[in-house]
Amino acid sequence: MALRTPEQFRNSLKDGRVVYYKGRRVEDVTAHPVLKIGVDSSAVDYELAENPEFRGLAVLQTPEGEPYSRFFLAPRSPEDLLKRRKLCETGSRICFGFPPFAKEGGSDAVNALAVIAAHCDAASGTAYAQRVEAFRRHLMREDLSISITMTDVKGDRSLRPSEQADPDLYVRKVRRAEGGIIVRGAKAHITTAPYTNEFCVLPTRAMSEADKDYAVAFAIPANTPGIRIIARSGPWEEGTVDYPVSNSASMVEGLVVFDDVFIPDDRVFLDGEWKFAGPLAAMFSNYHRVTAAAYKYPFAELLVGAAQLAAEANGIERVAHVRDKIAWLVMYAESILAISEASCYKAVQDPLTGMVYPDPVMGNASKFFFADNYHQAVKAVQDIAGGIVATVPSEHDWRNPETRADVEKYMAGSRKVSAEERFKIIHLVKDLVASEMGGFWEVTSLHAEGSLAAERLGTYAHADLPRYRAAARRAAGLPEKQKEPAASEAHAQK
Amino acid sequence: MALRTPEQFRNSLKDGRVVYYKGRRVEDVTAHPVLKIGVDSSAVDYELAENPEFRGLAVLQTPEGEPYSRFFLAPRSPEDLLKRRKLCETGSRICFGFPPFAKEGGSDAVNALAVIAAHCDAASGTAYAQRVEAFRRHLMREDLSISITMTDVKGDRSLRPSEQADPDLYVRKVRRAEGGIIVRGAKAHITTAPYTNEFCVLPTRAMSEADKDYAVAFAIPANTPGIRIIARSGPWEEGTVDYPVSNSASMVEGLVVFDDVFIPDDRVFLDGEWKFAGPLAAMFSNYHRVTAAAYKYPFAELLVGAAQLAAEANGIERVAHVRDKIAWLVMYAESILAISEASCYKAVQDPLTGMVYPDPVMGNASKFFFADNYHQAVKAVQDIAGGIVATVPSEHDWRNPETRADVEKYMAGSRKVSAEERFKIIHLVKDLVASEMGGFWEVTSLHAEGSLAAERLGTYAHADLPRYRAAARRAAGLPEKQKEPAASEAHAQK
Amino acid sequence: MALRTPEQFRNSLKDGRVVYYKGRRVEDVTAHPVLKIGVDSSAVDYELAENPEFRGLAVLQTPEGEPYSRFFLAPRSPEDLLKRRKLCETGSRICFGFPPFAKEGGSDAVNALAVIAAHCDAASGTAYAQRVEAFRRHLMREDLSISITMTDVKGDRSLRPSEQADPDLYVRKVRRAEGGIIVRGAKAHITTAPYTNEFCVLPTRAMSEADKDYAVAFAIPANTPGIRIIARSGPWEEGTVDYPVSNSASMVEGLVVFDDVFIPDDRVFLDGEWKFAGPLAAMFSNYHRVTAAAYKYPFAELLVGAAQLAAEANGIERVAHVRDKIAWLVMYAESILAISEASCYKAVQDPLTGMVYPDPVMGNASKFFFADNYHQAVKAVQDIAGGIVATVPSEHDWRNPETRADVEKYMAGSRKVSAEERFKIIHLVKDLVASEMGGFWEVTSLHAEGSLAAERLGTYAHADLPRYRAAARRAAGLPEKQKEPAASEAHAQK
Amino acid sequence: MALRTPEQFRNSLKDGRVVYYKGRRVEDVTAHPVLKIGVDSSAVDYELAENPEFRGLAVLQTPEGEPYSRFFLAPRSPEDLLKRRKLCETGSRICFGFPPFAKEGGSDAVNALAVIAAHCDAASGTAYAQRVEAFRRHLMREDLSISITMTDVKGDRSLRPSEQADPDLYVRKVRRAEGGIIVRGAKAHITTAPYTNEFCVLPTRAMSEADKDYAVAFAIPANTPGIRIIARSGPWEEGTVDYPVSNSASMVEGLVVFDDVFIPDDRVFLDGEWKFAGPLAAMFSNYHRVTAAAYKYPFAELLVGAAQLAAEANGIERVAHVRDKIAWLVMYAESILAISEASCYKAVQDPLTGMVYPDPVMGNASKFFFADNYHQAVKAVQDIAGGIVATVPSEHDWRNPETRADVEKYMAGSRKVSAEERFKIIHLVKDLVASEMGGFWEVTSLHAEGSLAAERLGTYAHADLPRYRAAARRAAGLPEKQKEPAASEAHAQK
């Protein structure tokens, strides 16, 4: 058992995996100009463990004194959750708001599996909990990267898995095979798909009995035969002046196709126990909403900073409406922090495993808060930075001697900021909020780690309605109702 | 030294004070049909101390074993602030979202005075700190109620105190007198003014040297000669069906006129040290924003509950947009809690006194969050409850046998809820969000405990801009700037 | 045939009708201190006809030279709709944003009946059109006031009329009787119910065959035996300083109970033709949404003016955020005008009758626009006017010599505005946006003349989706689809 | 005099102009892969004149029977403005929401010059009006394209032109020369700069006497010596599946540098008459806000259509919150139309020239409405289309036989829509709202044709405050004030 170096992580990716980018097979993802950016960001999870400043946060020791990544700790206290949250935040800050994500999401999945496997075992006589635990130890020992692999392609959203025109539109067990199962289907938007070691596959929703075959959960290495990964793509050009962030850090999603892939039994964590598909998806959300809010906090910081730098460069940092917008952005950023930390302070303990998970209402609220207000934050930053964000000359114009003088002369802003600094600040703003990456962030704010609708549903499901109702009945002068069971209990009973 | 009973508190108000309500002198505020509601709410602060369920939270002991109200503890740890926050929340829950306010706001003022007096003494050679401490002990010993008395009537808001047409539009020292000072002016919107024991008077803003005479802070009993109190008023009718909350709990503001009132020296805490007027106002805000968010949380709970009861009564609790609105209201309520608790967890310690105060950014954010979203919350509740909120028959129609049958028959909603329950629920909603009290809450959400503009300014003043800027400079590829002093240090240096 | 005087209108209300206010029978609504305010506002529709300034707008002539109210004209051109809209606006301006409503809503109902009756007759062989036309001529001749009487009490909103626990929760035909039908049920929120001459009763929603008996429309005088009216009520005190608007103008809703009321056949306009209940409700909405936006425009003007006066009284009219809010309020008001006028310019002609009705998308948009933004407008006004709106002394304090001096001295604001003016301006703001009336306006903005949900549904139903779709298909490089029928045609075909 | 063909327009651009794109000199803008897209869009203004469907709208005739572009008509009636608005809308619809802009903005500038030149001549004894008129006739005769060239680079936004560190940060007259003037400076964000025939240069703001030299307006051909144009740029790849709109239509801005350019006197329309700089900028805004709202309407239509197609492709078109969002988008689009048409219906006539211009309040409101709600519209579309917008495979993946099968199988959505159609629809959404172009539209919604702040200021300046105030004074029971002059008169008097 040992922590891997970033280099070991990179080398582990040269494993024959099948990855496509813009229609071309990629032989070595660590050498591909675009995928490399994602690989390097993921490697930050490994760098943190080597960095004396962060090692205390990132690394734990087994009772035997073996070091392992904090991400692989099963949380048993609010403190555990708070430190895990802080670790997510730290990696994201280094990567300019991108989570390194080598282990963040995947370990959320492992934690959810650990809780639900115990419940499934208790109810169904299965023995998943020990498989999950064995897998967790494998991850710890090998210090692997692992990707949460959850969202199915879904086909017609108004139909259940088993009702789709093509039965493969949700990942499903096709049949049993000797010592394992064969699965088919595809998962979409899988972050780090092109450069993860392992996929941790969870069902994406609650299932009915008819959807039994879709109630599968498993983990599998990325280079397993039958797996094909088609990376998301976009326009790309070299250069870190025009695109200072997106050419420095990234996370790359992929469509992960499972073309009759064999999953050995010890890697199967749910197999037809359809009643547990929903709770598993929900428990993953409990963990993952907070991971989301954790990595968004440094991005929000960056928005505040970019807005402030732009205001100073434009000479408008003392204008009333500009200050108001900066203050709003500060409150936006810090409230993300406050609400996500609250979900840790108010951690809920699972009675069966003793593991804790973030308070679901606070967790959903933290993710909803940043997502629902994100477009307003973007608007504020764009408003402050000015129209030049849309029309700024490129770094080529800056470098070409024929155009440099004009660009430098006319990019001048406040006397306190050089034209070059202003030029770079404007490009930073453009990259953050008015580029292909800007669009990516808007869309993923709404959809990644659960949509706004999912967070409302999650909140409603876990809200302590009896408490609110009792307060209102008392105020209306109505007799206290016989105490109803708390929403969460009621939830558990179904 | 002893805790007072609610009855002792009530009796203490029959002290000759000069109070007017709707143009009439009120001889005994505890017997006045409207003011009584406020008195009874204030008394809840005293009831809490007698209630075994809350005594542990509400009462502390001196080293000598004497009990005293937690409100009079100078906070020295995040835990102190969290418990104080919880105590505010508890009283407010009992009073349906109204803070009892016998001590809440006044003790915020005493805490702010304690911190700033030390700084003023250090800088100016004054000896206010010991006066404040003596006053605090007096409050503890006598278990007095105390009202924060801060907002001046202000006249023309574009002019400073000394520039007003009438010099009395901010409270000021008129002259020195033997053993004290004479003050004149008026403070507006003073909560509990008609039924507090003491007024704790602070300057409402930063002062320049020209405004020296306005830089006064002091405390004085409500029945001191020269003090006249004109209570706010409104339409009022008996009955707790039509107005179940506002006829059961309240806080009543007053215009407090100081007509050449003598303040003995030991009750004077600032007297011309104009540089400390701004810091004093700001420090009070640090404490008071969190008090505000604390008492609003139970009110937000009440809104959630009222909306849910109304949805059930109307039979629409399963309609998608209704659930969405309930979920939003839940997140609204719980985020108020999260952000205000964060301000306590992240408490700042004053180096001179060792006292702690809530993190100013989080504190401002918590108050801003509830206030800025309040009208949206109201809209959601109104939307769910339906137009009947505006046109519901009155309890007189319910009681009159001639009309009762029609009202009962046609107020029917869902089969699961009786017409009487629905009738009361609709009146609850009306009282909360579509009545004179509803208007009061909208206006005070915006203006009490600081306006939205004040919270933005407070946030901007305390925001750690160097941190945000550094993040953005790194992202833009700009060299790190020589570390600027943190905003709060810079602030202190001025 | 002749126009009635306001006095004739008032006298016509002393007709034995059964009206209750706060549980008491009201013998003469024109003499009741609260209902009188509504009566006087309704009378404005009659005053306009006598006022030389407005007579040209308010009065038309029959070919025979007989004058009649414009409200009773069946509109046949955009110009007709624009003038009708202007007439609504004019009456509302006089009544401070309350529509007089003697004829506004009722004539919307008559217009809708005229269109749908023709379609029903054509499809079902009925002969309603001539009954409606005869009724219209009766209204013209007698110059009657008429109230739209539509919203049922509805019971459980998740159930259809015929599914309710009590079959009377929607107004229904109980049985036929000699020469007419007997109806039972109650209509809620009926504006002017206590002081209208006629009720024009429409079904409130689309009906299925099972709901056949609920598909009834008819008109009936308010004093018909079996009709009982319970007026909405609230706290009330004399005086037009504290409540300058709501004690000067009003509209009073009532619960209208039909206790086995006989409706003669010539007053029955729908009787079981359930397929036409939905189209009738929808056609009424087409007309009524625009009436709503028309009367709200003067109220929005009033909000702008009140905010501006308050800003000036407070001396903050040059503060940036105040100007921004005033500008926003101006755009709010004027956009209501623009969108509602657009619904008239783009009038749709009914092919069968040649009558025109406002464009449904624009009509819904105009009402949605003012309603969806109303709470934001309120917040802006409250923000500008300040906390004093919640705590201002009453006119009794102003009048009492003991308190007058204090109030006058300390209500002073900007030097350009007297304390008395500021005092009145603050009370105006309170009355508009922070009183029982303020709550009434918030709730009715959301629910009267259709809820936000209803306007979204109405927009969706009438949106020209094929046009939008075609634009997007062309942009996506997709072949043009075979032209689908326009939404409105498709609608008509059902 | 004759209309030019699109080909003649294209050929006219091969005129030796100095254009740079990504640091490289572009010899022929009509052949450049990116600039060509802009050229082709601009050519649509010429194609419209040849298209029998639109010729009646696009082409007018002189009294002598010579055809000319409607854009060059000086508007003299609301009808003129409505048709002009419609023509802008029509060109934009063809170009997927991009205005062709060969003449749209430039003719707004010419109209503003015509009005203000007359006022300047009357006040200052200049003779600009006839120069403007001669220039207009030149444009008509030669059927030239003309670009509004207004926004200066501005340097430090807190300083006036004459206070800047570099005097050239606003375009200025450097000196007189024989028969003309020499100008220096740069204009930013100039739409169509790389491919316009003429630049029409206006001052960007009001000037004080110290800024006299900056009060210059003129027109000049794009290939005049001393003019250099640096085009805005971005990532670009061929292909109209991934970027169906932005690779088919565009408008390309440029930084236009005036390096001591000679302007002959007959092309100079303002030269030091600093009092008219502000009115000129304001009058241009009056015209241009409406042009902006006109071309945005088809873009809004496209958003509605794209959202609807995406909903259908995903099988969620019947989900309540999806329908609500579509309905909102429809109201968004149609309200843009309504308010911008209202600005034409309510046209204001200039007393001196008889020309009309759009009502300033409505014009500002129409632009503000679309801009202020734009991010919300984007959010709605993104929410409906789903996360796949961020992670969709590229057209290369579609075309490569190795990946095609996976992409086609797993892009399937609703049975009613082929995978290929869904794939293209998703890319359309991405191109519109989650790409570099999406960022461009967000930023330009806020900043092009005036910022939100500018529209608020414009509204405030032109609002009829006396009317609103009078309404509120009457409501408050205050005596009518002596009639103040209307805001617009007061404005004119300055």
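The chains carry the letters A, B, C and D, assigned in the order they are written, with residues numbered from 1 in each.
Going forward, a residue touches a chain if its C-beta (ideal position, glycine included) is under 8 Å from a C-beta of that chain, and two chains touch if they have at least 3 such contacts.
Nothing here was measured: the structure is a model prediction, and the numbers come from that model.
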{"item": "Inter-copy rotation, subunit B to subunit C, in degrees (Cα atoms; steps of 5)", "value": "180"}
{"item": "Reference subunit B; chain at largest CA-centroid distance", "value": "D"}
{"item": "Copies subunit B and subunit A - interface residue numbers shared by over half, same or different", "value": "same"}
{"item": "Distance from subunit B to subunit A - Cα centre to Cα centre, in angstrom", "value": "40"}
{"item": "Chain centre separation (subunit A, subunit C; CA means) in Å", "value": "50"}
{"item": "Touching two or more other chains - residue numbers and ranges from subunit B", "value": "321, 324, 453"}
{"item": "Chain-level touch network, classified as line, ring, star, complete or other", "value": "complete"}
{"item": "Residues of subunit C defined as touching subunit B within the complex", "value": "20, 22-25, 151, 153, 155-159, 165-166, 168-169, 186, 188-189, 228, 230, 232-237, 253-255, 257, 314-316, 318-319, 321, 375-376, 378-379, 382-383, 386-394, 396-400, 402-403, 406-407, 409-415, 430, 433-436, 438-440, 442-444, 446-448, 451-453"}
{"item": "Interface residues, subunit D side, partner subunit C - complex", "value": "93, 96, 240-241, 244-245, 248, 298, 301-302, 304-306, 308-309, 323-324, 326-328, 330-331, 333-335, 337-339, 341-343, 345, 361-362, 364-366, 368-369, 421, 424-425, 427-428, 432, 453, 455-457, 459-460, 463, 465, 467-478"}
{"item": "Touching residues on subunit A, where the partner in the complex is subunit C", "value": "320-321, 324"}
